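Have a look at this one before I ask anything.
By written order: A, B, C and D. Residues from 1 in each chain.
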Amino acid sequence: MFDFSIVTKWFHSLLTGVMPEWAAIGIECFIVLLFIILLYAILAIALIYGERKICAFFQCRIGPNRVGKWGLLQVFADVFKMLTKEIIKMRQSDRFLHDMAPYFMLLASFLTFACIPWNKGLAILDFNIGVFFFIAVSGIGIVGILLAGWSSRSKYPMIGAMRSGAQLVSYELSIGMTMLTVILLNGTMQFSEIVQQQADFGWNIIRGHVPAIIAFIIYLIAGNAECNRGPFDLPEAESELTAGYHTEYSGMHFGFFYLAEYLNLFICGAMAATIFLGGWAPIYFPGWEGFNHVMSLIPGFIWFFAKAFFVVFLLMWIRWTFPRLRIDQLLSLEWKYLMPISMLNILLMALVVCFGLTL
Amino acid sequence: MALIRKPKIKSIPYEDFKDNESLEQLIDQLNEKGTNVIVTTADQLINWGRSNSVWPMNFGTSCCAIELMAMGAARFDMARFGFEVTRTSPRQADLILVCGTITNKMAPVLRRLYDQMADPKYVIAIGGCTISGGPFTKSYHVVKGVDQILPVDVYVPGCPPRPEAFYYGMMQLQRKMKIENYLGTVNAKQKDEHKQEAQALQQKILNEEQEA
Amino acid sequence: MEERNYIQGILHASKTLLVGLKTSIKIFFEHHETEQYPENRDTLIFSDRNRFCLEMPHNEKNQYKCIACGLCQMACPNDSIHITSEMVETEDGKKKKQLVKYEYNLGQCMFCNLCVTACPHDAIQFNQEFENAVFDKKKLILTLNHPGSTLAEKPRPVVTPKPLETLKTAE
Amino acid sequence: MTLEITTIAPAELHAEMLRLKEERKMDYLRNLIGMDWGEEGLGVIYMLESSETGETANLKTLTADRENPCIPTVSDIWDIANIYEREVFDYFGIKFLNNPDMRRLFLREDWVGYPLRKDDKPEQENPLRMDDEPLADTTTEYFLREDGTLASRQHTIFAPEDYVVNVGPQHPSTHGVLHMRVKLDGETVRKIEPVLGYIHRGIEKISESLTYPQMLAMTDRLDYLSAMQNRHAMCMCIEKAMELEVTPRIQYIRTIMDELQRIASHLIYYACMTMDTGALTAFFYTFREREMLCKIFEDNFGGRLIMNYNTIGGVQYDILPDFARQVKEFCQALRKRFHEYQDIYTTNIIAQQRMIGVGTLSLDEVISRGVTGPSGRASGWHNDVRKRHPYALYDQVEFNEIIRTEGDTNARHWNRMDEILESLHIVEQLIDNIPEGEYQVKRKPIIKLPEGDFYQAVESSRGEFGVFIESKGDKSPYRVHFRSNGLPLVGAMDAACRDQKFADLIAIGASMDFVIPDIDR
């Protein structure tokens, strides 16, 4: 597997050769920022297009097909439109907080986005408490939603924000627990290390067998809830709260919420791919040397994207199948089912690791 | 000159469209003062985006709303045009399809919904009821045409119109969007005769609030 | 619904959810029959019972059959039809009503078919032209008789006494 | 076949009504119709029915005082009377003594005059107002003091400290422009106050100036999802008055069309229900099959939604030769697809938990509030008009009245699902046996009804739809009243939703399946 850190190290030494260290780091930060923003935009557009097509197919339709070939330019048209829309300023709203809320959402998704290991040696933020950091920064998004609901000074956004508060606080627990399960298995909190171990010893979902599969399912459910996507889209619950917490947002401010929703979806998929499905590690079957060799020729980031999009497809499948839960069902699902099960699951994983029962 | 004289729509030739005279009249009106080539090119790009991403608001009062639902469903699939993102919040919508009778009691509500939408915004009057009161022209409680309260861009007759007729109306609107000058701010002067009325009303409410 | 314990509840729930997922993925791979409207314009044919717009058929000599009797105008529940007629003297000295202008308000019509049923001469009918959206409301008031058209001369229509009687009583 | 109506003085009305309810078990108030008899005065017609024995009774009362007409309320006897009396107050200005809620029902609170009075000129006094409508938080009750003078007192609906959310008039789940003021306590609904009239089109008033054939066009637009059935009711009512017999072929076509319309309506119900509970994909499933039905309607009757099909003494067009094949194909396709609806939504654990035990209405509540149709049958009330007062071919075909007793959202949902199958069953019985014959009976071109009162009810897709015509022998009716099937449903929303969650409000509303233009008329 090609180690990307060779490139980055070479680039760093190239820069430090001609300029002081601080300037080099500054330039690198700038490049990374550009890279992140670009990737963010591309992924968002791809996901929005994908979702519209996939959802159409689930609904016996064909989806966008008039703007560009197969409707490929549809999302670009949407972006142009969105950029030119008026941003409404409301007299009664808390203007400062109201304008800030979408940026909180963006910030949260940017920071979590930065944690993802794309390829071997290609991760923007990679340090020894990566999992911890991931869980912490993903909580910033909820601040954005709460602010949006509060500052709009409108009743529907308020209800939506409160629902979102209850929902995210609850489901963060399950996310944390499933990640703990993985940490137990891998013995590290560093994402690159978690993936490296999977490349060496096999994917976590296979290596950890029963407890890992349970954790994976719980992660999918809780992750879906974290993204505020159906069947857990209570904070925006179109048929109940018109548009939920972003009812009063227009133009690009609404666009940020819209983008963040899809990016969070991708992050959810990418994280599942990273911690359960081996991140950039290719498929290996012990004994099939030829096959394994071919597999290892495929670059790591392609593996990574394939897995992430597979999980994203799963989430879309779930979204476009189930009805929405009610708030009390949502909470009882978490507190009565997911949390106790994931606690037991940690115990199970501990036993598995302790007695060396991993595959 | 990069001015669009004949907006193109996939699969329907310009000549096949009805009411080209009104459109040409509008083009002349919009370009009275001449145009700037750079601005026009940028405009075309923006207009391409805007006209292909018309997000309608979920608004229906009666029969035509069911046809709107049918239009979203599998046989006619609104998504092909990129119109499927129906927004329930007026703030995020570009277009209000007035589907169904508007009564005197509903009129202020509809006007308020329209005022809540973000510019640039468009109105399509769907069906006889919204165009002229339709079957209920003799009623004491029906607005005889929503053009009395909103600046209507396209009229789609029918009772209710077929989904294809909806699309045809939407494409007429796309043509209208494609000739506008976004950067020239020409469409900001959209002939909304009732805007002042609405603003005066708003001012009145504001004053009352301040007094209280 | 029978009582289920905790584990049974989870299993039952998972089963119903999986059934749902199975159904939706089955549809995902099905063939989708969406009519693609502007692309299928040439092949789009409606049955002639569809009512989209009133028209007055003219023959090749630019002649219509309307005798301006006004029955359709009277049958219309919401005054969408407005007929202007004049009295002219025919060659044999009889006074006769003649159509000047047949105005039809498409934007108001409710397509109830009462006018077509009322017409004793089949002078009007509904057509299947659904592409009627316009920018200007005034364009929806159509004049159905073509410019320069005249009444079709034909063997005197066998006017049943019924419509005449109708005319009188309605007045 | 005019209705037999007993006249009763206002002073004795309340006691007599109580007696009817207690002794003759007249527990279902079918209709409460306000009337303006000009010189004779203003009055009300009551139509009662016993849910046990099926006996009916019609009464009327009137008062000559046009300035301050007062009639005692019956809202303490039947719950539904409250909302009906508000309607009459709105239309005629009749004050119902001791009704706790005497506000206008449909028109703005600052409306001048009473539009259905014969001497009222509503348009002159009420120009289009663009200012926001004042919505009072109090109701007025009129009562007579001991010395016989009229007095009023106020009741509070919402206190200033209540958290009141406006659901509607523009809301994705109100199926139109219903406006509900909902008092919330966190996520829990404490009180619902429906505000109606956002699509009040004054059809009853317009009809008074139209001839009978013209009037038919209005019925399609009342409850547009049961356009066929509504028009069928109107045609039957007129035919009954004219004593016009229609041929068996017409009966067959009408019955088949009614049932197809019912299927189409229930398919839309399913779509709305799933959309309101967030299952967006299931929405498309039923619409797919509904489009097959629409195709049949388009080809045969020239309309997808509003077909203008029934006429007095017949139907507009004869069915096409292909009709039977198309319908049979549709029946097969729907039966094949039917399990998909249940798989993806109804049996789903999430949907089940959102429906079972939610929004329960008891049998007494349902009858007292006049909730007919599948919603009423979900609480165990045998109210199917097709069985109670058979019309068309319903006494000849075999079908079951779908009854459940739980009274919750789930029962209402399943009732509609089962009715789809039952309707298919009826259609399949009839489709192969359509007899030859005329599709339009010969009749006079000018239709005049004999003097009298006529009433005809049909089982529309969502309950009993009735047409009441009072004729003075002219070309136009003197008074037309439609028994709305949706108005009682809205009246029952408060009882069904109280202390449920906010999301349940949406689901219950969807399961009631009301169509707003039918409520507001």
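Convention: a residue touches a chain if its C-beta (ideal position, glycine included) is under 8 Å from a C-beta of that chain, and two chains touch if they have at least 3 such contacts.
Since this is a predicted model, take the numbers as computed values, not measurements.
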| item | value |
| --- | --- |
| Chain pair with more C-beta contacts, B-C versus A-D | B-C |
| CA centroid of subunit A to CA centroid of subunit D, Å | 49 |
| Distance between chain centroids, defined by C-alpha means - subunit B, subunit C (Å) | 25 |
| Distance between chain centroids, defined by C-alpha means - subunit C, subunit D (Å) | 28 |
| Subunit A-subunit C separation of Cα centroids, rounded to whole Å | 53 |
| Multi-partner residues of subunit D (at least 2 other chains) | 171-172, 217-218, 221, 281, 283-285, 288, 306, 344-345, 348, 350 |
| Interface hub residues of subunit A, defined as touching at least two other chains | 58-62, 65, 238-239, 242, 320-322 |
| Of all residues in subunit C, the ones touching two or more other chains | 17, 20, 23-24, 27, 32, 34, 36, 77, 110-111 |
| Arrangement of touching chains [line / ring / star / complete / other] | complete |
| Residue numbers on subunit C that touch subunit D, as the complex places them | 1, 12-13, 16-17, 19-20, 22-24, 27, 46-47, 49-51, 75-77, 110-114, 117, 126, 162-163, 165-166, 169-170 |
| Residue ranges of subunit C in contact with subunit B within the complex | 32-39, 41, 44, 52-53, 77-79, 105-111, 130-137, 139-140 |
| Subunit A residues touching subunit C - in the complex, by the definition given at the top | 54, 57-62, 65, 317-318, 320-322, 337 |
| Residues of subunit A touching subunit D in the complex | 55, 58-61, 155-156, 159, 163, 230-231, 233-234, 237-240, 242, 320-329 |
| Parts of subunit B lying in touch with subunit A, wherever the complex brings them together | 10, 45-46, 48-50, 52-53, 55, 73-74, 77, 79-82, 84-85, 87-89, 91-92, 94, 116, 118-120, 182, 206 |
